[in-house]
Amino acid sequence: MKYLFPDISNQLSNALGSIPFFMPEIYITVLFVLVIVTDLLFGKNSARLCRTIACAGMVVVIFKDLQQFEQILSGGHFLFGSMLLLHRTAIVFKLIIDLLSFILLLYFEWDHRLKAHKKGLSDLYTIVVGSVLGLHLMIMAVNLLSIYLAIEFVSLASYLLVAYRSENAFSTEAGLKYVLFGAASSAVMLYGISLLYGFGGTLDLFSGHMAERLAQVNTMSVSFAIVLVLAGIGFKLSFVPAHFWVPDVYEGAATPVTAYLSTLPKIAAFALLVNFVTPFVFYDHWKGFDFRLVLSAIGILTMIAGNFAAVLQSNVKRMLAYSGIGHTGFALMALVTFTPQGLSALTYYLLMYGLANIAALALANYFENAEGITDVKDYKGLGFKYPLASVCFVVVLISLTGLPVSAGFTGKLFVFSAVYSIYQQNHDVWLLALLITGALTTVVALFYYIKVPLNLFLKRTELIVSENKWSYNLVILSTMIAIALIIFGIFPDLLIKYM
Amino acid sequence: MNKALPYQDIQTVCFAIAAVVLPFAAFVINFLFLGKSKLSGWVSTVAILVSSILSVIVFTRVWNVQQIHVKHLWFIIGDNTLYTGILLNNLSVLMLGLVSVIALPVHIYSTAYMKDDAGYSRYFQYLSFFCFSMLALVVMDNLILLYAFWELVGFSSYLLIGFWFDRATAVQANKKAFIINRIGDIGLLTAIIILFNQYHTFDIAQLFKDGGLIASSTINNGLWISGTTLTPVVWQYIACIGIFLGVAAKSAQFPLHTWLPDAMEGPTSVSALIHAATMVAAGVFLLGRVYPLFNEAELTTLAVIGCFTAFMAATIALTQNDLKRILAYSTISQLGYMVMAMGIGAYATSLFHLVTHAFFKCLLFLSAGIVIHQIKHIKEDNHLNIDPQDIANMGGLRKKLPLTFIATLIGGLALIGLPLTSGYLSKEGILVQAFEWAEHKGSAYMLLPVLASITSWLTAFYVARLILKVFYGDMHLLTLHPGIKIHIGDGGWRYKLPLVLLSLCCLFPLFSLNPLSHTQSWLLYGLSSYKGYTESIFEIIVPVVVNVLSLVVMYYAYIIYIKQSIWVSSQTGLLYRISFNEWYIDRFYNCVVVKFVLALSDMTFWFDRKVIDGFVNLLEKIGVFIAGIASWCDRYIVDGILHLSAAIVQAIGGFARRFQNGKVQYYLFSMLLAVIVVFILKILIWN
Amino acid sequence: MITLTDFMIVSAVLFCTGMFVIISKKNSIQILIGIELMLNAAILNLVAFGKYDRINNSGQMFALFAIVLAAATTAVALAIILNVYKQYKTIDPDKIKQLKD
Amino acid sequence: MSIVQVLFYFMGLITLASALTVAISKNLVRSIFMFFITLFALAGLYVLALADFVAVTQIVIYVGGILVLILFAFMLSGKEALAAAQLQSNRFVSLSNLPALLLALLFLVVMINIIFKADVSNLQWIKEANGVKNVIGSNESMINNIGINLMTRYLLPFEAISVLLMVALVGAAHLSRKEGTRV
Amino acid sequence: MNILTLLIFTPVLFGLIILLLPSSMRASFKYITLLATLLQLGFSIWMYLNFKTGASYAGINHEEQFQFVQKLPWISLDLGGAGKMQIEYFVGIDGISVTLLVMTSLVLVIAAIASWEITSNLKGFFALFLLLDMAVVGVFCALDFFLFYTFYELMLLPLYFLIGMWGGARREYAAIKFFLYTLFGSVFMLLVMVGLYLSVKDPITGNHTFNMIQMMNPKNYIDGSVFSILSHQTILGMPARTVGFVVLFIAFAIKVPVVPLHTWLPDAHVEAPTPVSIILAGILLKIGGYGIIRICTGIFPDVAYSGAYWLGLLGVISILYGAFNALAQRDLKRMIAYSSVSHMGFVLLGIASQTAEGISGAVLQMVSHGFLSTMLFFLVGVIYNRVHDRDIYNFRGLGTLMPKYTVYVMVAFFASLGLPGFSAFVAEAFSLAGAFKSHNVNGLLPYWMAVCGSVGILLSAAYFLWTLQRMFFGTVSLKGGDIWKIALTDINWRETATLLPLALIALTLGVMPSLVLGKINDSVLALVQFTQNVFHY
């Protein structure tokens, strides 16, 4: 007991010293408290107020994020006794997360079905704001404990969001599947973590001991542990083979929730994966578990499984779910370069994917609101009835496919060039396979993305005059995103120079 | 490139250009301004009149005087500069004159012949366009332009054959003509490309002049060498074959001759000009242009093919009943003569025959045109359902159409080659030289002149048959349809004048003062080095034998067709005097020769119809068949692969989707199984 | 002396048992129990190794956090299961499969 | 074989046996009860691993919290769930369980294999820990230590988890409450 | 303002105007479009007239020899260790592009006139049309690979919608097929483009660059990079440069289209509305040929050299296969579509020969085919608009009903089948001459290829004449009877105004090929020189 006393002051000053670097998260916590208090005080009718507070708060958080750039000019910072690592990429990721969650916070209410939820939306905002804290932690976590905690945090919030519409059978079913799958995955991951801890004797990934000690243990054992951990991360990233839950859950959840699930946790999980692999990949004597090989193989399989399975879908949300899986695979491609260039390509790609995917789901939501349709076959001829929304849909899908001139294309280009430049150095055949698969699946992606414009514009049908429950907000949101996608497509250096 | 030419020459060149361009101007005027007007005929006629006058002037200035070659930059491609220019030498001015002079009467004739046709103006547009192309063809100085006009001539022929485009047969015929001509064109084009590849120029003067590029190239060790270019010698043969294909298609040589008889679907005046006198002679002209290219063996092949064509066509002509078809086959036959003459080295004589043939064949066609026209009148007046071209319907027209009869007679005699006609001069020239050539080459080659002579007799026979059936005897129509009204005559001056003009041109004075000796024709001295072989006995024997036998054959024909009986004929002299043998010869004639010839004729005709045409049809069938296969491949294999890949995508997608059965435990199981199996596999592979 | 290997074997068997339960049982609550078994297997590992980490106490701390997180997850999961029961009148995951391809 | 070892094997045996019973039991109530035993036995194992505080937490949270929660849920889901639970196959090895069994065995084989391969007792860091006496003694209480660590080194997770629990609370309450009413 | 930039972006400007105008003014859209295209034509003619020729303006691999150049930094990113990414807005033209540009502008005017037939959803149609316009013009001007690719891909989408929304019965299938086919090619092109970009360094700035001209200079390649000539890298066991070439070639071959990558073409053509067919055949196919010349042979001259045999073979196969397929068609438009395959085969054959004659012939053939196929498709459109049928067997004797129309058909047909006097003749003759000559000059193509190619000319006569005979000649007999007879009126002034210039241009080019050859000759010679010299580095 005595041996810890001398350390206490050090530890405390460390914790206190970390707080200035932790301002955005503290603000989020405060925001969380504010929202929850509002929720409790004003009851279920407080949704609008909660939303306002949450959105305003997110803006502040974004400002706080921006301020952090100045703090890390001299390099990365370990916070709270190496629980977290704050560095440039993390801030960029946080900005992306905050920006997207800001959009999502705006968006939740515009879904007619979610809005009609009898129990009100104020709890939803509470959960979302809370989850943003989890996401921030996830991005910065470099300790096995903080990693696990952050993942659980986000998962828990996600379970709640998916099952949020408790009166809806689909939503609940999706929630059940999600929670069972998620909890099992996290159990598997925890077991992997426990093994890593056992073999390495520390939870701190960046302490320098971890990789060094693990390198001395039997590679098979270590590999097993890492595989189990990856399975857990894979659940969040939804890569093969941990992707099975994705379509069902995406379909079952309310559309804005799907938009949440398909972007935020995934993007944060990429940051987490980067943090997780970095100590191993950059440890010179690391042997045994070849991250590049495994992640490449997973990337290829994910691209194939996601894109090919999407071809057969006709439910728009399900289709976008599968395509999201495909995009994960593609982003993995950027990750396996393990270079700064690859990382910036990754962040750019993820941001563009996030924006486009939210817009796509928002538009799907729009049609769902307006016509009550979820199946792409029912989109027949609607392009003439809702021209702006349809054109936006096309633009967004172009970006998702990765055709010029859209931000999706430049993202793809950056990823390709990042991978290529590594390939040029080491001629790793896996990288080549990734490139080819990436190109090939782009064509396949067109197969299914094109169904939307095909039905919107090409198929003709007598227009059934129905009552239009127009949601202008959704159209405005997606139009803005679409315009942004095109502008970033033409002038990507507006953005990527910060990444 | 234009060196300072003397004023005189510049003028000559201008005349030549004007002669070529005038018909084109007429074409343009007719096309743009005289859509339906009857004036168009006269515009064309005047154009060709001026053109022919200018041509004659040019002819007199150039013939045996000089060679004029002017050229102007056309375009540059890569390192090659292409010029467009005209080359006026004896050959080209001869053709220039010939074409325009022949075209003139045909134009005049046409103004009358076509006057009731709805497409009158269109007809003259085409005709002028043809004249332009043909005239340009003969004066062009480079192969690529020669080829260009060569095709344009074919094109205008296509237009004219299909002039009555609402007739299915006409359209069929013009398509056939064009496609067969295209085969020849492709050959010619290939040849031109080969020559270009070999000599890097298209210039005819440079290529074919004495000591020109062709002359200075050699064939050595299987290589064709000229300058720095080495090509396997086979390409020299292919070039020759290509040119021959071009010649054969245009000049209707075996085996590409079948389009010509069908081409008679066009107006008769067109047949006269294009398919008898000018265009079909373009092949022979081309041979004349590129003559130095051919070597001994190739020439011999040419001779054999020409001879065979001549013989074959003549036998076919024996039994035809369609007036124009007989003439068409005779044209083929005569063209065969010319080609053969080229083959045996009788370059000049061949061209000589070309000229004479142009006149008399044109004359024959125009006469036939009148006959057909008149019969058509009868048909229309009496509402008969007959073929106006069938000679079986005719007969005894000599009194009704006296001028036509005389013209036909002159033309026919010239075709047979009887003395005093121009045909005699050129044809005997060919035969004599053929014999001399054969003697020179060896006895096996004797077959060629003999066959040619037989052809000559056959010619005599069918010409006699034609004239006798059409103009002698009784009108068969009257016997078939008694009581029909017949009001026919030679027609106005626009019919008569051309006939008279052409008839005059078919007689000997135009070509030689000595009606019996072909060697004295001025034409021959203007054309290349007529070397001739040693003065031989053939000079005398051949004309005599050939002509006498021709007369016999004609008489025989007379017996057959007018007296209707060979038995009768045997009583009237010649054969009767040698009684016993006479019988034998008669029988021989009857049983062997006539039957044989008839059978042969039937056979060759059958061969022509079934085998050669059949071959062409077969080619078409094969083409269509291949097209079918290609189309099938396209639909099922190439597209099939596309669909297959779509199916594969679906299959993989279906596989990936199979796991999505909605059971969360199954998902978990799949995931965990995948994790562990992959891990185990990896371990196994590691160790 | 209890070796670490002994602990790990117990935990491994426990883990596999939990895995068997989550895949084979036809009742969501039992599946949840299976998941808890797996978690406990991991916690056992952490605790066992935590013995050699006296200063940082990482193992034991992690175990504590894991237990708390497990509790939270279970609570949420049970809430969802109850909702499912309300909607479907069953908690057999095999029967709840409206969402599928 | 010391008493500690005997205790360990005993506890281990109980843990595994009860866990297996959970796995094969067709009766939901019985399996929940067996799970209860498992948790207790595990707590005993934790004690043997010198983690007394963890053991206590285990009992308090798991046995007191989770289990009760599960039982409540079980009760709330009513008779039908009970009946449905009874229906499932009783046999340990049945066709429908076979894949699960095989998978579990596969995992077990692999895990046993890697445990032995890893040779955990001779790990570098454990040797070092032994060397610097960074090992928890059998008579040491870790409670103080844990308390200090929780407030210093593990301050962040400690605070974060409070937010997490809040989220879970709000969410779970939202899900469970009746429509239109407040908790 | 740079004239090329003006040329490229004028249509977008007008497109925006159309988008902003209210739908009530839809009648004016076609005039706005026509105005835009006319303006473009004016610009391109001005450029043509002011285009300087001479060896010092040859272009190809010398940046300073291009004309009307505009070069602006566009995307410039610091990539840390990997240097800077240098993407420029870099446009300029040399002899090869200028003729194609004029051709393109003219075809676009025709297409705009042909758009009169569109009646539904005009705003969308003309906006997409003008977007497409920008993209195709941009492709011919771009000298930065990234820019090129951007324009290249940008064509896809408008075309997809133009075919898919205003097309015929099977338009969806055709549109998707077209889209997937071309995307398939271009996605892999993207990979090669990235590879090239990473292999090349701008010698002045030291950055990686997308500049095509610099990609042509072997000295700019980094040692050991994938596409470096010297380092002989391999991809999957194959020489990297070969792989790069093949991938790019496939991308362009799909556009050309080369057998067996052609099956999108008949479907797309048949289903597309007339203006789109015109653009497809008139311009899109040329982009393939242009790409092969500028990019495939420009950047990979060594592979183009060693692989010329296969290129030539594909060319010959296309010529014959396309012709045979044309012979088997019943649908007039389909037949013409296949004839395009056949005619574009000459382009490939000419390029493969790598002789001045061959390449000049190929470029001339592209220009010529641009006009002729436009004319052919317009002609089909005329008849289709009147009776909504295109089956060759359903018509007979149209010559009597529509004499003027028949004249134009004959002009178009005979010009297409290579009748001297029209542009196709010189083009095909010199493509073949080049192909034949190549054996003696550089030994690339065997003689027989040229000979086989010439058979294609024969076949083209067969199918065109057959169609003429079947549809236009003979006695009138229509499937639709008297209703058709009334509907089938002869061409009106607007159609005449479209067809006459085309016919005249085809004729003018045939008589004066120097209009094209004079402009391209220096570039072609430079290109030939360049490909020959590639081994001297």
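The chains carry the letters A, B, C, D and E, assigned in the order they are written, with residues numbered from 1 in each.
In this text, contacts are C-beta pairs under 8 Å (C-beta built on N, C-alpha and C of every residue); 3 or more make two chains touch, one makes a residue touch a chain.
Not measured: the values here are computed from a predicted model.
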Set of chains adjacent to chain A and to chain B: C, D, E
Inter-chain pair with the most contacting C-beta pairs: C-D
Nearest-to-centre chain - CA centroid comparison: E
Chain of greatest Cα-centre distance to chain D: B
Relative to chain C, chain with the most remote C-alpha centre: B
Geometric centre distance via CA averages, chain E-chain C, whole Å: 64
Between chain D and chain A, distance of the C-alpha-averaged centres to the nearest whole Å: 30
Whole-Å gap separating chain A and chain C, where each centre is the average of the chain's CA atoms: 25
Centre distance in Å when chain B and chain E are each reduced to the mean of their C-alpha atoms: 40
Chain E residues counted as touching two or more neighbouring chains: none
Multi-chain contact sites of chain B, meaning residues that touch two or more partners: 657, 660, 662, 664-665, 668-669, 672, 679
Multi-chain contact sites of chain C, meaning residues that touch two or more partners: 4, 8, 15, 18-19, 22-24, 31-32, 34, 43, 48, 52-53, 55-56, 59, 61, 65, 69, 72-73, 76, 79-81, 83, 93, 96-101
Interchain contacts (touch definition) - all pairs: A-B, A-C, A-D, A-E, B-C, B-D, B-E, C-D
Complex contacts: residues of chain A adjacent to chain D: 1, 4-5, 7-8, 11-12, 14-15, 18, 29, 32, 36, 39, 43-44, 79-81, 83-84, 118-119, 123, 126-127, 130-131, 133-134, 137, 145-146, 149-150, 152-153, 156-157, 159-160, 163-164, 166-167, 198-202, 209, 213, 216-218, 220-222, 224
In the complex with chain A, residue positions of chain E that touch it: 74-82, 85, 121, 146, 149-150, 153-154, 156-157, 160-161, 164-165, 171-172, 175-176, 179-180, 183-184, 187-188, 190-191, 194-195, 197-199, 224-226, 233, 235-236
Complex contacts: residues of chain A adjacent to chain C: 3-4, 144-145, 148-149, 152, 155-156, 159-160, 163, 166, 168-170, 172-177, 179-180, 183-184, 186-188, 190-191, 193-195, 197-198, 201-203, 247-249, 251-252, 309, 312-313, 318
Parts of chain B lying in touch with chain C, wherever the complex brings them together: 657, 660-665, 668-669, 672
For the chain B and chain D complex, residues of the former touching the latter: 669, 672-673, 676, 679-680
